[in-house]
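A, B, C and D are the chain letters, set down in written order, and residue numbers restart from 1 in every chain.
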Amino acid sequence: MTIKVAVAGATGYAGGEILRLLLSHPKYLSGELEIGALTGHSNAGQRVSELMGHLPQLADRLIEDTTVEVLSGHDVVFLGLPHGHSAEIGQQLSEETLVIDCAADFRLTDSAAWEKYYGGDYAGFWPYGIPEMPGHREEIAGARRIAVPGCFPTGSTLALLPAVAGGLIVPDISITAITGVSGAGKKGSVALLGAETMGSLKAYNTAGKHRHTPEMAQNLSKYTDADVNVSFTPVLAPLPRGILTTAIAPLVDGVTQDIATKTYRAFYENEPFVHLLPEGQQPQTQHIVGSNMCHVQVEVDEQSGKLLLTSALDNLTKGTGGAAVQCMNIALDYPETDGLPLAAVAP
Amino acid sequence: MTIKVAVAGATGYAGGEILRLLLSHPKYLSGELEIGALTGHSNAGQRVSELMGHLPQLADRLIEDTTVEVLSGHDVVFLGLPHGHSAEIGQQLSEETLVIDCAADFRLTDSAAWEKYYGGDYAGFWPYGIPEMPGHREEIAGARRIAVPGCFPTGSTLALLPAVAGGLIVPDISITAITGVSGAGKKGSVALLGAETMGSLKAYNTAGKHRHTPEMAQNLSKYTDADVNVSFTPVLAPLPRGILTTAIAPLVDGVTQDIATKTYRAFYENEPFVHLLPEGQQPQTQHIVGSNMCHVQVEVDEQSGKLLLTSALDNLTKGTGGAAVQCMNIALDYPETDGLPLAAVAP
Amino acid sequence: MTIKVAVAGATGYAGGEILRLLLSHPKYLSGELEIGALTGHSNAGQRVSELMGHLPQLADRLIEDTTVEVLSGHDVVFLGLPHGHSAEIGQQLSEETLVIDCAADFRLTDSAAWEKYYGGDYAGFWPYGIPEMPGHREEIAGARRIAVPGCFPTGSTLALLPAVAGGLIVPDISITAITGVSGAGKKGSVALLGAETMGSLKAYNTAGKHRHTPEMAQNLSKYTDADVNVSFTPVLAPLPRGILTTAIAPLVDGVTQDIATKTYRAFYENEPFVHLLPEGQQPQTQHIVGSNMCHVQVEVDEQSGKLLLTSALDNLTKGTGGAAVQCMNIALDYPETDGLPLAAVAP
Amino acid sequence: MTIKVAVAGATGYAGGEILRLLLSHPKYLSGELEIGALTGHSNAGQRVSELMGHLPQLADRLIEDTTVEVLSGHDVVFLGLPHGHSAEIGQQLSEETLVIDCAADFRLTDSAAWEKYYGGDYAGFWPYGIPEMPGHREEIAGARRIAVPGCFPTGSTLALLPAVAGGLIVPDISITAITGVSGAGKKGSVALLGAETMGSLKAYNTAGKHRHTPEMAQNLSKYTDADVNVSFTPVLAPLPRGILTTAIAPLVDGVTQDIATKTYRAFYENEPFVHLLPEGQQPQTQHIVGSNMCHVQVEVDEQSGKLLLTSALDNLTKGTGGAAVQCMNIALDYPETDGLPLAAVAP
């Protein structure tokens, strides 16, 4: 039986990344998985060659309009749409379709947080696509609806989870996460021009204003009884892809480097997409570009009494499109690493 | 039977790219192909994790010294060494070993050109690894020794070959090729520091001084009786990977855009790694990063009476490491596209 | 007497650069020159701090609407407007006002070229702002209307003029000029996003389509009786500022490196903003960022029988805003180098 | 009387920046200040044109060896040397010479911190070159020896000082500061190659290991009785120049945004080189490149109970070379802003 896959919002960065990964997926190469409808909004009627020159295999394919009709008849539908529109489409698709949503609509369990950060009606909550969170892989395996997490929450959660769950820190956490410019999406905007972003660094949506803040707290709170307090500072930096997360929190008394290292090793020992770095090395975004990996380091700062957690991932791969394909693999009972590079395109 | 592969000079950029590609190669994933010795010079004794953080699968592997003994016993040996050293090692390996050399030693048919541009003893000539050159795929298929071309000659040859062979131009050619910084290799040098190369453009080895000049003329001359004259200007630009080649030559009378387009389409119609762009589009290096593709455009400039040929490729993939793996696939009778991405990591 | 200066289109990149330079101009620092109205279109009513954070001295200034009324009453008006709009405004300003236009409206002497490349009514021709072209400094000195040249024509003209005027080459010229992204202006566009331009190179408006092509031919033709044929290939590269021009043309018989070098030295010996590099060095855009310099090299390629001319300038300084201020200095009889840096911001 | 200035270590990035600024300094342009000896170590005997192509005015000047003899006879000596060497030279120069040291030797008041972070003999303490620290401008005015601060401590101190001195925060501070690559200096190193740094982000010298950590604590401790605890995470980002500092600390009860803003406005109201941004804007490194400004923002994060302080400066200007010239201006009783741009080279 052939699995037919549609990508809604195919011409955005998340959609393009899902397509890049599917085109090298062993099930696609063997013909078991087929790429069906590619949809867009303003781009409907154009060819892929005009919009995504990096996908020559699909060059002649037409972008169709994003409608429930076009998307019906597929076994898997990836949604790479703006939130709101995503919920609207997602809720109308057949229950048998595997729907994997890259927007924010179904990420938050707390309707008040939704209203505060996104506004409008709360759509509900779907199984949450970080398989590395204890219990989540099992939920995803049985799900027909999956919410792909935000790119910042994935980097922060993977960096912090063993420390929070393992009681290494008081969860009063300061996070500064530095992102490449593709995180802001593919829409014309003066502030995101090459001339404005090359050679520049700036913080934005600071002091609790970034929409990913409640998602981080939600993920970490699930594994501790303590109150999780997150101060989040996102920074835009001049690179196309990649997020480097630095997180700092007070050490619990008695926690040594050895304890911290062992806690992290135990937590991630069977995870194919989390790579704990050897002592003395720090994650570097160059080492994860185009791969589905998250590189993580944990370091005790005795002088200041803090634990420093750092991680690097590709916002479009492990941060969005790769996570979406990873969830598809789990939900379709494919090998989890199928089509997901472990090695990065470096330098 | 398992094929055992060694990479000499594994820690350089060419070596690292070959490893990245092999790690996703279907024959590696299925166990038919095995990664054996990884060798280096100054790095011998270090672990891969310290030198190539983007290859987590090999993190714990040790770099061995580059010697004939270490490389013996492998079915395939990739050489990513400086020229001279490469010839010395390559000539000592068993004749049954498939040796694929990424250095310049065996690229030139003319010993005088070798002496002028490289100096020292001329080592000879091996089957030349651009399978898209008519006749070359067959030579490579039967070869146990293959010379991988330089990155600039590959971009120029693929851009110009149909025009030269098809008699579209008088082969008095001006080439300006703009390269990313990985082309200069992985050695500490003030001129190649990030602070010196970011935000800067400069031409170098101009006016016939670049060593790739005779290789370009050699490739094109093979398919025309006319004298091929090449003026080559390489430019260093602030990006990690990618070469954009622009080549200009006088149009032969009567050549129209339609004739030019048809000549190119016919020439490349069965080539998996050459993508002719639709009219009105120009190659863009972003669209080939990490892929083994070369994107090509041909355009008649009626006003100036010139033909403009442009191409984009990744200097480390189609320009070096991908070409090396493509040649291995052909020589081992694997499907030619195995392990070689057609889609690029963009943006 | 205080000279009052207005900048129309102040919030674009040309306008911003003119302001940056004026703010360090000795006549501004001494109070002889005053910055009056700053105008914009969509930005009218906003403060400079919201639009040009790099000009803290003007942070609280309001952007006014671009009208003849607002601009009247100034001694000098810089126009940094789209062509068409620029002509419309420029033609209504008082004849006593020194009007320095950074748009294309008054650059071309040939109305047919205007119609072909820009379309619409031809507005005429003003004294042309490359003071280094023989005869132009004198014209500018007496003018109340000055057309600032395009950034590409300035780089090409300064690279080629001594060779054309001195008869070193047959003027059948192939120009490849590589530009930073600020050259495309400050308007939201997907193709100019940081995510699309970082790490990428692409040619555009190739094969005679770029609007600066006739301007180059016009400048060079003025100093030779031979027919000037220009093939122009512009390339977009990932840096904010800077243009590197490479130009290639057939050598006239008997021209040696020594003759070429001496011709260039003689031509530019009194020019404060043209710096001929010592033999063996190539222009590098890093060395001209933020300065009003054009660095030039001339090199005989004996093997191919060509002359290679290269130049580097900052498209926003010597390529636009610096040239505008240089012309103002000449027209107001200030020292020509006032307020115009010779040293660049490097690295 | 002409003031004669020497720059030791002239070919490094700090030295080059000091020269760039001096060449536009009004006292240099008027002839009151003269550029004397330029010294280097490995570069002695070379011309400026080979080493610093961005300073065409000095192209033909020779680099001399760095010795006390060569430096003697100057009124002002800037030292841009490695620490240790700097102390050795600095201590031998005449007491009447104004010596402005860009190295670390004389920055720390605590010999134990010196030994821990730098090792070797403690050289002592000189007046510390952040004139914006209360009391320092006066000290600098009368000094003949000045220690220019580290680039990270300047960004952190200017961001945090009003909050610490004004009692807005509990000084348990987490600092993440992101720097451009010129901060690492001009020495060949594989880790600093363009190919390794473009498109990449990484933290380094984390968890208290960076040498600038004690300097930050020292500066802040001077203005509070509370114990200052600093956790410092430096990050390397792909831009040539600029540091963005983000600092987070617990708010003292009752501190509102209004109080915080007023405290900062009062603290910096007369400072020419500190620019407090309007509410809602964040510092951006593009807005300070090449200028001597530090842009600062203060923001109350009520949700997490933290104060967020951010600053942007150019590591080579306000972070080193500009601070050095600012100190010279004060010590020589020149107007403090002479030769120091307030406007940046943007985009």
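The rule we apply is simple: a contact is a pair of C-beta atoms (placed from the backbone, for glycine too) under 8 Å apart; a residue touches a chain by one contact, two chains touch by 3 or more.
As the structure is a computational prediction, the values presented were derived from the model and not from experiment.
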Just to be sure I understand the contacts, which chains border both subunit C and subunit B? A, D
Any idea if subunit A and subunit D meet via the same residues, over half in common, or different ones? same
Measuring between Cα centroids, what's the chain most distant from subunit D? B
I'd like the Å distance between the centres of subunit A and subunit C, where a centre is the mean of that chain's Cα atoms. 44
For subunit C and subunit D, let me know how many angstrom lie between their CA-based centres, rounded off. 34
Residues of subunit A whose C-beta touches two or more other chains: 13, 182, 186, 193, 195-196, 198-199, 238-241, 284, 286, 289, 347
Within their complex, subunit D touches subunit A through residues 174, 176, 178, 180, 193, 195-196, 198-204, 206-208, 213, 229-231, 233, 235, 237-242, 244, 246, 248, 282-286, 289, 299-306, 308, 310, 312, 347
Per the touch rule, the subunit C residues reaching subunit A in their complex are 13, 180-182, 184, 186-190, 192-199, 238-240
Given the complex with subunit D, which residues does subunit C contribute to the contact? 13, 16, 19-20, 23-24, 26, 29, 47, 49-50, 52-57, 59, 182, 186, 198-199, 240-241, 275, 277-278, 281, 284, 286-291, 293, 295, 341-347
